[in-house]
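Take a look at these structures.
Note that subunit A is present in both complexes that follow, paired respectively with subunit B and with subunit C.
What follows is the complex of A and B.
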C-alpha cells in the first residue's frame, strides 16, 4: 500500500482509538467451547490443488482442514499424529509408518495405509499428466517407493540415507487428502468442495479467492499427541476472509471485526500493541533472510569483497529501523530455533573499518564520488528486493545506505515475481540473490551448497569447491542426527567465513496479530497455526 | 426503422461485435506473451521450493506453455470460439465457473453504483438550477469537479474507516451485505455521478436559455415541474452517452473498490489474474469486458430514438440515426 493511503488510514483511525476499549483478558480463564474465529488473510490466490498449490496462506487453512502424518515442533522434533510410531533402519533408508486406528476423512473414507501411501507417492513424484509437480521440499531424488504392508502399516524406501524424511511429513504442504481428492481430474483439483481432509474442521462454505468457512468436526479425536488439547476442536467455526490491504486488516482488527490478522507491517504493530493486541511471531524452521552470493558475478569471486559485505551490514540497525522486538537478531544463516544453528555472531559483526580495509586490499579505491573503483571498474551492482518477502524492500533500503558508507553502490530494484525470475535467476551479473526458504530438517542445507544430486548451487560454485563438496556429501549421507549437526555447524562457519551467504534478519513470514481473547492455539515448526486447541475468551 | 433495413443492420452490428471480441482476446494474448514468466514458473520457482528449470519443464509442457506463441494463440482462440474458456492455471478450475461465481457480485455493485451515480447526479443537477443563485448553485456546480478530483480508493478508505470501523454500520467480513454494498457503490458511484452531473448541468443551462423554457416559466409553472417536464428530457440524450461510457469506468473502478472493500467479483478476479499471470482467466475477462462494451453501446444506440423524436423520424425516413 502506498504510504499516502496508510497515512490516511492512520489519521482516520486516530479518533477510533478513543472510542474502542481494549479487550484483553488479564487473568487465566477456563476453556470455553463454541464461538467463531475470524481470521483476515492477505490472499488465498494459489487455489486448492495439490502439492505446490499449498502456499504460505492456504497452508494455514489446510492446517485446520487436514492432518499430517507427524507433528513437527519448533525445534524440528517429530511427534506422533496420524502415525502413532515409526521404525527406521540403521541406514535411514527405510521407514515403516504405523498408523493409528480410527481416523477418517470428512467423506467417511478411512485414513489408512492405502491413503497414506498414495499421498506420499504423489508428494514424491507429482503427476505431470495432470500438471502436478512433485513437492519441492520432499526428498524425491532418493525416493524409491511406498508399499502398503497392511491396513495400518506403510513401508517407505529410499535409495540412500534420508534423515529428512520423517520431519518433512510435518511440512505445511504434506497434508493428507482422501484418495478421491488425490484422483480428481486436472480441472477439478482446485475445487475445495472435493478436496477432503481428516482435520479437526470441515468445510462449510467457500468462495474462490475470497473466503473459507470451516466448521468443527464433532467426532475428531486424532490430533497431534504432543498438543495439550485432545478431542474435538473448541471453536465452532473459523472464517478465513481475504482482505488484501494490510492497513485495512489492521484497522478491522482494531475495530473488533476480526480476532486475527495475518502479516501487518512491523511499523504498524506498535499502536496495535498499545491497545492490547498481541503480535505472535512463531519460531519457524528454515534459513534466515539473507543473500546467497553468486561467485560468478563480476568481482564476487574475490573472498575479500564478499567478506567486506558481510561486515558492512549493521544487522542491529536493520532490526531497529524496520522491525520490532518480535524479531530476534541473527547469529548464523539458520533461524535461531533450528537445533543445529550455531552462534556465529562474531562472523557477522558490524565492522565498517574491516570492510574498508578488505576492500582496499582487494584494490578497490574510493573515488571522488565516494564509490570505490578498481581501474575502470566501479564497485556497483543491482540489488533486487525479494517479491516473496513483504519487508524485503525496507530492509534493502537500509542495506543500500550501509553499503554506501563503505563505498559500495548498490541500486535497489523492486520488481514482481515474473520479472525477478527473468532478471535474477540464472543471471550471473547479479551478485546477490535474496533467499527465503523454510525447512523442517536442516539436511536441506546440504542441498544448497553444490549442484550435486540436483543441488540448488546457491553460490554457483558447482562442484569446484572441495570443502563444500565434502560438507554436502557428509550432510546428505549422514545416518545420525548428532554427527550431522557437527557437520552442519562446520558448514555454517565455512559459508559465513567465505562470505557466501550474507544473513540480514530473522525470516518471519507469518506474523499473527491477534486479539487478547484468542487462547490455546499451537504452531507447527514452520510457524503454521493449529486452531484445534484454540478457544475464545469471553 | 423497417424490418428489412433492421435485419442487415443488426447482422452487421453482430459481426462487428464478434470481431471486436476476438480481437480483444487476441490482443490480450499478445500482450501477455511478451511479458516475462508464466504462472507455472512463477509458482514453482519460488525460492521456498528449490526446483530446477529441468524439473519444471514437463509441467510447463503439460500446459502447452513451451509451444510457439502462434500455436498457443491458435489453440486458445479455437477453444474460445467454441465457447470453452479453458482452465485457470492458478486455481485449477474451469474459468467459466470462476466467472459465474464472480459476475453476480460485480453486477450488483455496478448496478447499485450506477443508481447511486444517477441519483446523486440528478440531485446535484437539480440543486444547480433550483438553489439560490449566489451560494447554493455555486456549491452545487463545484461539487462534480471536487468529487472527480478525489480518487475512488480514497473515498472507499474514508467510508470504510468511518462507517465500518468507527460507526460499525457494516462489517468488512461481510462485504456483500446490503449496507456494505451501498457504501462500496458510493465509493464507485461518486466519481461517475460527477461526470454525469457536469454534462447534465451544462445541458440544463442550455435548455434554460431556450425561448420555450421562458414561455413555460411565464405560464407560472413551479420549478420542479419546469425541471421535470421541460428541462430534463431534452438534456437526457448526452446523459445516455455518458452512462454508456461510464459502464467501462464502473468495470475498471470495480477492481479497486472490490479490492478495498474485500468483495469478490470480476475486479478482484482481474487483480489476481494479473498478479499471477493467469492467462486463460485474463483473456476471458478482457473478452467479457468487450462483450459488455458492445452490448452497452448497442443499447445506447437503440435508446436514442426513444428519447429524441427527431431521431425516430430520421430512422423512419431511412436516414442514418
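What follows is the complex of A and C.
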C-alpha cells in the first residue's frame, strides 16, 4: 500500500515531484469575507458524544462548533475566552471563573455559570449510566465540585493544589455544550443536530462518519482574546469530508477539490510542496513519541537492559528514514515547545558499543543466531505499533532493525485499537508500550510516574521507587510553576537515566496540508486548528 | 438455495402453504443460525468497545472501565448477553451503538440505500457488459476479439479492486477532472430534480464500474463457456436448419439458455458484492454500510456490528428469494406448474 501511494503521488506530480521545493511562504493579503473551505479528514468515526468521544479528528470540528473556557497557546499559556478572567487561591485548590457577558449557544440558551458548571461536573465525574467516562486528562482525582456563585461566576474546588486545572480548560475535549445537549439520553448523545455549541460556526448538515457542513454564525463576537481576529468568522462555510486514504486526500487536494487535507505521510510531502501546497505542523504540547517501559516484564527490571535499549536506538536514522527535515531530533520525553522540557540529548545519544557493553555486563551473550541469551532465556519480545499514530509502524520497523544490531530480537505486531488495549494494557509480558499522549500542562508528568492518587503508573513500579514517589508528590503539590519546572526537569533526567521512557521522535498527530490560499488560521496548544479568523485568498 | 425452493414447490398444489410463504418460514431458522454464529464469532475477537474507549481516553481507570462494562451489560455472562441479544432481535430493537451513541436501526437505514444503489448498479453493469463480452467472444472463438476480450476480462479479474479504484481516481478525477474523486453527492450543493440525478450519476460512475469489474469478468467467462456448450445442441441446429439468422440464434436460443447459470451466480454474488463494497466504499468515500461495518469491527461496537450483519443476512436471503422468481421468468421449465405438467 505505501508503494501504491508513493506511485500515485509521483504520477500525479510528474517529474517536478522529484525536486525538493520550499513551502510557499504566507504573504500578507487583505482579509476576504465569504468563501467555502473544504477540509478532507481521515476519520469522523468516534461520533459526537461527550468527553472522550471527542478525538483527534472530531476535535478539529468541535474547535469550530464550540468554545472553550480558556484558550491555551503553544507554550501552554492560558488566555481568556469564555472566562474573561479567573482568580485562584494561594494553595491553587480553589478557582473562581469570571465569565464573559453575552455568549450564547446556537439554540439561544446562555453560556452562563450554570452551563459552565454542568460541563465541568461532567468532565470530572462522567456519567457511566449513560456510558460516559470521566475525561482522562481532567484532574478528577482531586476534584471536589463546582458551585454557581451567580450568572457569571463559578467556583471550582479541589482537595489539594491543582495547577493543571486552568490549562486543562483549553483542552480539545473540554468543549462547552448547552445544558440540553449534556442531558440527552445515551442513544441521543451522538446526534450532532442536538449537540449544541457556542462557536463561530453552526451546524448546517451532517452524515454520521461521512461529512459535516458548518456555516458562519453571524452574531458571534466572543472569540479567544489572544487571537487577532474578533467578530464573526470570515469564511461562510466549512465542509469536513471523510476520505480514508491519505493518497486520495492528497490527490483531491492537488486537483483543487479541497483546500486542506489532514495527515499525509511525511515521505509524500515533497511532491505536494512542489505544487505550492504547504504542510503546517503546529507545535503541540505533550509527550514525544516513545515507549514507556514496564519494569515487571521479564528481564526489564534490570536497569542495564533498559539503558542498553536507550542507547541502541539511532534517532537520527529514524528521522532520515521516516520523516522529513520538518522533524527535529527529540531531546527529552517532552515535546520541544513544552516550557518545562529539558535538553537531555546526551542521555539519548546513539551508542551501540555502550549498549553491547551493558548487555554483556547484564549477562546477555550473543548466540549463533545473533540474538543474545542468558542461560535458556533469549532476549526477545513483542513490540506493538501504536494504532493511533500513522507513522508508528514505519518507525518501529527501523527500531526493530536497530535493536537487532545489538542482539535484541523485537517482533513487530501491528494490531487495531481494541486488540492493542486488550494485549498491551496491563499485560506484564509486554515490556514496551508506545505512548502518544498530549497535554496542556506538564503537571501530567507527575501523574504517570507512580500509582498514587490513581496515577497511570507507566513503569509499573507502583510506589516502590522512592525517587519517583518524591518527584510525583512534589509535582502534584506544587503551587508555583517555576519551582515545579525544576522538579519536572529532575524527573525527566531521572526517567531517561533509568531507561524508564525511551523517546523516539517528535509527536505530530496533526499535519495540515493546505493550499496556499488558506490564510489567517490559528492553532491551539494541542495543535488543533481554529478557523474563526481564517479566510481564502482570491 | 435457489434450486431448493423450486423443487419443493409442488405441495402447494395439494393445499399446503404457498411457495413464497414456505420460503419465508424456512428463512426463520436460517436467520436464527446466522444470528447465533455472528454473536459467537464476535465473542472471539480480542478486546471490547470499552477497551477502545479506554484507549482513546488514555487514562481510564480500571474502576471507570468496570463501570462502563456494567453500563453496557458486557460484564454479564456470555449466555445472558446472547439471550438479551436474541430478545432484542425478536422485538426488532437493535439497541444503540455504544460508541456512536445513536440507535443502530437508524444508522443502518441511513447507510443502506447508498450501499444498495452501489450494489445494484455494479451488478447490472457486470451482467450487461459481462454478457455482451461473453456473447461476442463466443461468436468468434479463437478470433482476435475473443483473445482481446479474454485478456481484458482476465486482467479485470486479477487486478485488486482498491488499486483499480485508486488509478481510476488519478486518471478521471485528478488528471482529467471529469468525475469527482469521492462521495455520493456534492455536499451542500442542494440539487434537486434532474440536477440531483446528474450529480448522483457523476459520483456513482467510478465506484460502480470499479466494483463491477471483478464480477463482469466472471459473467463474461460464464456466458462464453455456456454458449460454447450449446453451440452444437440439437435445438440450435434445428433453428439454423429452419433458416434463423446467426444473431437470432445467438440471442434468442443460445443466450437465453445460458442465462440460467448466470442468474444462479448473481444470487451467490449478492453476498460477495456486499463484502466487496467495503473496499470500494472506503476508496471512494461512499457513505455505505460497508464502511460502517468496518468501523464497527475496528472499534468492537458489538451492537452495531450485530445489527449490520443481521440486516445483511436478511438482504442476502431476500435476494435469493428474488432469484427464485427470476428463474421462473427466464426458464418456464423450472416453474412448479411446468414441472407438474
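Just so it is clear, the second predicted complex is superposed on the first by the 511 of 538 C-alpha atoms of A that agree within 3 Å, B and C clash if a C-alpha of one lies under 4 Å from a C-alpha of the other, contacts with A are read in each partner's own complex, and residues count from 1 in each chain.
The working rule: contacts are C-beta pairs under 8 Å (C-beta built on N, C-alpha and C of every residue); 3 or more make two chains touch, one makes a residue touch a chain.
Predicted model only: the values in this text are computed from it and were never measured.
When both complexes are superposed on subunit A, subunit B and subunit C clash.
When both complexes are overlaid on chain A, the residue A:205 reaches subunit C alone and has no touch with subunit B.
In the superposed model, A:237 lies in contact with subunit C only, and not with subunit B.
Contacts of A:187 after superposition on the shared chain: both subunit B and subunit C are touched. Once the two complexes are laid over each other on the shared chain, residue contacts for A:172 go to neither subunit B nor subunit C. When the shared chain is aligned, no partner comes close enough to touch A:510: not subunit B, not subunit C.
In the superposition on chain A, contact is made by A:213 with subunit C only, not with subunit B. Contacts of subunit A with subunit B, set against its contacts with subunit C after fitting on chain A, overlap at residues 8, 12, 45-49, 52-53, 126, 128-131, 133-134, 136-137, 186-191, 207-211, 239, 241-245, 248, 251-252, 254-255, 257, 388, 416-419, 421-423, 425, 437, 447, 454, 456.
Across the complex, subunit A is touched by residues 45-49, 51-61, 64-65, 67-68, 70-72, 96-103, 107, 110, 163, 166-167, 169-170, 173-175, 177, 180-183, 187-188, 282-283, 285, 287, 291-292, 295, 298-300 of subunit C. Interface of subunit A with subunit C (complex): residues 4, 8, 11-12, 36, 45-49, 51-53, 55, 126, 128-131, 133-137, 186-191, 204-205, 207-211, 213, 237, 239, 241-245, 247-248, 251-252, 254-255, 257, 387-388, 416-423, 425, 437, 447, 454, 456.
Those residues of subunit B that touch subunit A in the complex are listed here as 35-38, 40-53, 55-56, 58-59, 61-63, 87-88, 90-94, 98, 101-102, 153-154, 157-158, 160-162, 164-166, 168, 171-173, 259-260, 262-264, 268-269, 271-272, 275-277. Considering their complex, residues 5, 8-9, 12-13, 15-16, 19, 38, 40, 43, 45-49, 52-53, 56, 126, 128-134, 136-137, 186-191, 207-211, 239, 241-245, 248, 251-252, 254-255, 257-258, 386, 388, 416-419, 421-423, 425-426, 433-438, 444, 447-448, 454, 456 of subunit A touch subunit B.
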